[in-house]
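To keep things simple, chains are lettered A, B, C, D and E as they appear, and every chain counts its residues starting from 1.
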Amino acid sequence: MNINSHSVEVRDLDLHFGEVKVLQELNIDIHEGEFLVLLGSSGCGKSTLLNCIAGLLDVTDGQIFIKGQNVTWKEPSDRGIGMVFQSYALYPQMTVEGNLSFGLKNARVARDEIAKRVARAAEILQIEPLLKRKPGALSGGQRQRVAIGRALVRDVDVFLFDEPLSNLDAKLRTDLRVELKRLHQQLKNTMIYVTHDQVEAMTLADRIAIMKGGKIMQLGSPDEIYNRPQNIYVAGFIGSPAMNMIEGRIDNGHFAGHDLSLPLDGYEFERTDHHAGPVAIGIRPEHVLTGDAVETAAAQAEVEVQIVEKLGSDTLVHSTLGSLNLRFRMDGLSRVTEGDRLRIGFDTSRASLFDAVTETRL
Amino acid sequence: MNINSHSVEVRDLDLHFGEVKVLQELNIDIHEGEFLVLLGSSGCGKSTLLNCIAGLLDVTDGQIFIKGQNVTWKEPSDRGIGMVFQSYALYPQMTVEGNLSFGLKNARVARDEIAKRVARAAEILQIEPLLKRKPGALSGGQRQRVAIGRALVRDVDVFLFDEPLSNLDAKLRTDLRVELKRLHQQLKNTMIYVTHDQVEAMTLADRIAIMKGGKIMQLGSPDEIYNRPQNIYVAGFIGSPAMNMIEGRIDNGHFAGHDLSLPLDGYEFERTDHHAGPVAIGIRPEHVLTGDAVETAAAQAEVEVQIVEKLGSDTLVHSTLGSLNLRFRMDGLSRVTEGDRLRIGFDTSRASLFDAVTETRL
Amino acid sequence: ADLEVTHWWTSGGEAVAVSEFAKAVNEKTAHNWVDGAIAGSGGTARPIIISRILGGDPMAATQLNHGRQAEELIEAGLMTDLTDLAEAEGWKDFVYPSSLLEGCTYEGRIYCVPVNIHSTQWLWLSHDAFEQAGIEVPKDWFEFVAAAPKLEEAGLVPMAQGQQGWQQAIAFGALSISVVGIDTWSKVVVEKDADVAGGPEYAKVFQASANARELARNSNVQDWNLATNMVITGKAGGQIMGDWAQGEFAVAGQVAGEDYTCLPGLGLNQVIDTGGDAFYFPVVDDPDVKAAQLEMASILISKEAQVAFNLAKGSLPVRGDIDLSTANDCMQKGLAILAAGGVLPNADQTLSADTQTQIKDLMAEFWASDMTAEDAQARYASIIASAD
Amino acid sequence: MVDATSPTAGRILEGPRGSKPKSRLSRRNIFLYGTLLLVSIYYLLPLYVMIVTSLKGMPEIRLGNIFAPPVEITFEPWVKAWAEACTGINCDGLSRGFGNSVKILIPSLILSISIASVNGYALANWRFKGSEVFFTILIIGAFIPYQTMLYPIVIILREIGLMGSLWGLVLVHTVFGMPILTLLFRNYFTSLPEELFKAARVDGAGFWGVYFRVMLPMSIPIFVVAMILQVTGIWNDFLFGVIYTKPETYPMTVQLNNIVNSVQGIKEYNVNMAATLLTGLVPLVIYFVSGKLFVRGIAAGAVKG
Amino acid sequence: MTLADTARVSDNPVRRPKQLFRNLSAKFASIPMILTALVVFVGGTAWTVAHSFTKSRLLPKWDFVGLDQYERLWNSNRWIISVENLLIYGVCSLVLTMVLGFTLAALLDRKIRFEGAFRTIFLYPFALSFIVTGLAWQWILNPDFGIQGVVRNMGWESFTFDPLNDPDIVIFGILIAGLWQGTGFVMVIMLAGLRGIDEDIWKAARVDGIGITKTYVRVIIPMMRPVFVTALVIIASGIIKLYDLVVAQTNGGPGIASEVPAKYVINYMFEAQNLAQGFAASTMMLLSVIIVLVPWAYLEFGGKKRG
């Protein structure tokens, strides 16, 4: 992507609520047409950042550019953004049509233009039959679609979503997630999406920004984030069940700890200084090998199965290796039960190594 | 399990709110020590059923037995049940200790007995350090543990859970799920658990009851429910992403529809009458084969990839085959992208066949 | 025993008068006067008094206007019968005029103690005001009306008039008796002849009232004593008010004949009515209180108490056998009229409270609006027609 | 990562930066505070006049300008109103009434709030057949002018033998406070999570157990509102106070009425104002102290429904 | 289900217990409410209505006269004026209290400084009785000492502001005092309602570019319907009882220009000693309340149920 086609740029953003510094020195560039997900645990400042971009919060310091224009002091409605909220925030006493057209009427858009745009949005979102209803008579998913429509009709450059799906039940969430993805493919607008559901983040994002305490911990594609987490926080945050984290040292090209010795031949170090201090190795549950694959693994061990969670499509096993808890995935049909002893292997080429002190990737 | 060791029996239960019949002729037997999950979409009557068992709602008709005793008109506290709620429902003005001992004090249990039981529950749930705090000063997970403790101290026969984990964030939910499973292994009480999260249902349950509109659609082990759904509703409800459902007919031992012809050699029919009417075949995403496995499949096809959702550990692909939408799973590292054409195979031995009219399994 | 006494005498002169009674009771008996004054008018106090009596928790004694007000309470057996006491003390012999005792009598039995005579047909004139206007103090109502323009020229309000229905009804009453004379008045008020009330004779009354309304146009006080105060301070020429107004002059240290003039019957017809206040004694259970009630009744009507009370209140005593040489100019005038037999029945005795209220409402409306004299008369006639 | 840390050079200093400059004298602020101040004058004027007048001597009042501050501050009217003003032959001002008002207030407050809160609780959590009907009657009852109920109440009190006793008055306050208080409590308890109630039932608490051990400790905000409303209502009550008590137990408002309406010669406005302020002092202080709690409680009890 | 199970069920079915005896303590605890509702409100009202068909004077008596009292009532000029006054006062007070209360609440809700102080200023009159309110405003509106006098003293000799002595506008003089006393409470209710509005609605409106005033009018006010209903009930119940204020401020004057129904009731019951007439008047008041209220109460409380 061209470096000049930034759609949204945030420069040195500070935001304080009184004494509390919620965002600090935050920088982020979002490309034209990109789907960026802000992911982080509750209270880390995701909504705050989104509100700053939307102009709903007055920044303490820093600048915000949208489409190259400095909008730091502009009104939300003049920024070319549309926003979708977790609670839908539909105007309850207006029909769906009213909700969609209210902003346009207010901006004195011509009547037939409004009708056209509403019709188009309704078509895209498949809510034509609902246009005459009031929000109270809609299901959660339908409401959220209307809320998206409200941004859609305004023909904005940037869509902002604040946990739009978290009020919906699991099934609906999955469906709408796919719809959103499809919508993005179709519209190609820039979208900034706040969530704390990592499945949403992984599936929707072009890039994910993982936030913690008002700072961005890592910004990268889902693939990077998942497979090359830059620090222990990101590594632990992404992936369910979480990555197995084993503490130890690097000894002669091997990771050593908890009676394990894992060869690091296949591991791509990002830093060249071979590390002498304490380290931690993170291995995702699916990179713990079982069954036939164990034979091929460079390092093996025997674990005791504690808990088996059958998810249908696959099975999660919680096991212990001495004092160490190890989680791994098996096939949905595997017949392992509590108390079994199993041989497992480690695929260290896809592991992540961290400096245990600075918590950053090695 | 002995058929006489029923812990909870519900007989011909009817419950009406005015004109609305929320539960109708409902029968269910729950074994001693069983972990039964009530699963269903919102508003299907799960909480209502649980409240009836707890005695918090007066039944319109029918009988409820707990441990062989008819408790239909007994007070909730005399039924030997403990209940845990979604919103925790801790008494905000009492300390954790006060919350735990409230029920016992009401039952006039001796003071040192109370202390003993509270200590034991606190130990089991690892909340000893919190005993002097008030609920306001606890995190969500801790609160829910206290809520469980409240049932624990009362030494009840049956634990009732109403979506205990759905107010927690994803990470905590996974952790507490495992804890609950461990707790059940340890205590061996009968537990009835309401949820609409199927992962919870699959992992926790000994048996799952799928409800719809106040009726039980299927009652069986997670394995049965997942692999041998008795009707289209259950098949569609369980599994994420949902089962691919293809309509067609049975023709000469093959399923035919949408230009596909799938041999049914491996399929175990439950009914002997070979079916001439319209049918639907359901194939789970993970039973759509890709990569090397395609070669071995009895039926193959080429699809166009529409949407790729990368979950890290694996990848969900939404594709089209003519007018048919097909979802399937691939490995987390597969590099498929939108617009690709892919060869896939079908594993019909693990498919489900339904009568398209009665919607029941064939 | 503690004797709770409710009454609504709370203005300056009234309060002093009541304390004379209290003093007498406290000094002459072993009982204790517990004062239950309720400020406002009878309108505020009466529901309280009646509720208390009805609720079975009566006071030992209470002020009520005698006349028809208490009839139903007596009928219901809630009031103590004083006949025996009255006969023993010979009230019939000294109560004067005897109509006062009649007001207390119901089916031949006596239920109340009259304590004073009030008349309402008085015109009070401020010498100071007329001096300012540079004219003589008028001798009767018509002179007063004639003098009004001069008063206005001097920047004064010709007539002070509190804007409350009952005060306006008093003014109307005084005007009617003075203008049409006693016979016609009786036909209307006593015999309730609606034809006369609507007739040409009575039209004069309404015309006079309309005049009075003009004179009082700039008087915007509500309370009667504030109106009286306008006369006392020379801001207004005169006021039609009952004889109790004199208490206010007295408290202000003014002297009748020097600082102010009073014209009974508005200087036209020398008659006054014999309204007044009376004390009733509700039936109580406590025998101590029962006995005390009789003692108190006897004291209220005793000579000493009558003199002290009435001097303070500016009203006339109910006894004909008292030497009132200490009374002032106005009171002497009143006594003289009484002696001459210029006595009228009081409205409380002739009209029910209901009818009186309707008249008050009519007057309130008439005085505060531009209602024509004819309209007012027609309405008045219809009230009289339905009066009982 | 690369993009995030390499700002497009040169652009960083362009255009506005940081928080939007806000003038204290923006049009919006002038309008906002201007309106508020103007309205404040309307609201404060009577209080100001009352205070100022109560601190003036009668001669100064006669000069006419009620808005002028007192030239010479005197506390004489306050002393007089409190201890010397006369009604009939009693000249002990409001002081006597104060004690009586307190004696009436406290039991009325306790009884009316207890009963209304139990009602609200029963209506929210223990509905039974007909409970809503009674509640509807209560609400309609809130519209009946008290005065029309005087006679029936007299008869009822007479029949149960409470006429004239303090408890009769307490009962009357309880009855007439019941509609609005019950509404408040009912709404509040309905807004509490129902699961809490269920949990307590499962824990074996009965009707009273749930009420005292679970609901009551959670209801501080609404109790504050109820208390404020009742203190105001009971303290300011004149009608019931005068009819259902005796002279020895007349509350302060009756005393106030007597002082204000006992016009002796001229109206002593300064004493009247002082008496008025003294009488209003208790509810006023309560409002000034607990305004915030009041708003919060109203939010919890009156608005949700 | 096996046969054995089915058999066991029919062995010991437990009968539904008598509904009357379930939750006995709840019913027991509601006795005061039930008694109040039935004895005081229903009983008292029925007693009042019944006696309005008699010719009771000072004491309630059972001599039936049919509709005579009502005929007289509606022939009475004072009653007509009272009703008119109440209508004027009621409509104005309702509208103005709502508008003023909402406006003040909206202003206070704009995250202003000294919110607490302003709120207290607007609310404190509610702590005062109508008697006090009436006296204070009577004093301020007094033409000689009050506003009119002061303005004239400042040199504007022709300034006239004397509502309490002008029969045409006296009811508005009372309204000024009534608003002063009552808007604070309504403001608090509105404020509480505003605080309950989802923040996101405001944000959505800002993003849509809707101005603040327009957002209030088009979005917020319609959303606050239940709050307005609550406020309406409270204001309306106060209006119909309007009595003390009138007595303290004008006592119905000048003339009968500021009479109100409640005062008519009282005067006829006690001063005129015509109980039945007072009862007839209060029955009329009650009737109008019921006509307005019963459908509302039914919708508000009868309809929705909770388990």
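Quick note on the criterion: a residue touches a chain if its C-beta (ideal position, glycine included) is under 8 Å from a C-beta of that chain, and two chains touch if they have at least 3 such contacts.
Everything quoted here is computed from the prediction, not taken from an experiment.
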Count of contact steps on the shortest path from chain B to chain C: 2
Pair of chains whose C-beta contact count is the highest in the structure: D-E
Taking each chain's C-alpha mean as its centre, the one farthest from chain B: C
Geometric centre distance via CA averages, chain E-chain C, whole Å: 39
Between chain D and chain A, distance of the C-alpha-averaged centres to the nearest whole Å: 52
Euclidean distance of C-alpha centroids - chain A vs chain C, Å: 92
Sites on chain D at which at least two other chains make contact: 150-151, 155, 257, 260
Chain C, residues touching no fewer than two other chains: 47, 54
Set of chain B residues in contact with two or more other chains: 51
Chain pairs that touch, as defined at the top of this document: A-B, A-D, A-E, B-D, B-E, C-D, C-E, D-E
For the chain E and chain C complex, residues of the former touching the latter: 57-59, 76-78, 143, 165, 167, 251-257, 266-274, 277
In the complex, chain E residues that touch chain A: 198, 200-201, 203-204, 206-211, 214, 218-219, 222-223
Chain D-facing residues of chain E, complex: 19, 22-23, 25-27, 29-30, 32-34, 36-45, 47-48, 60, 104, 107-108, 110, 112, 116, 118-133, 135-137, 139-140, 142, 144-146, 149-150, 153, 180, 184, 188-189, 191-193, 195-196, 226-227, 229-230, 233-234, 236-237, 240-241, 243-244, 262, 265-266, 269, 275, 278-279, 282, 285-286, 289-290, 293-294, 297-298, 300-302, 305-307
Chain D - residues contacting chain A, complex: 1, 3-5, 7-8, 11-12, 14-20
Contact footprint of chain D on chain B as seen in their complex: 51, 54-56, 75-78, 81-83, 85-87, 89-94, 102-103, 106-107, 147, 150, 154, 162
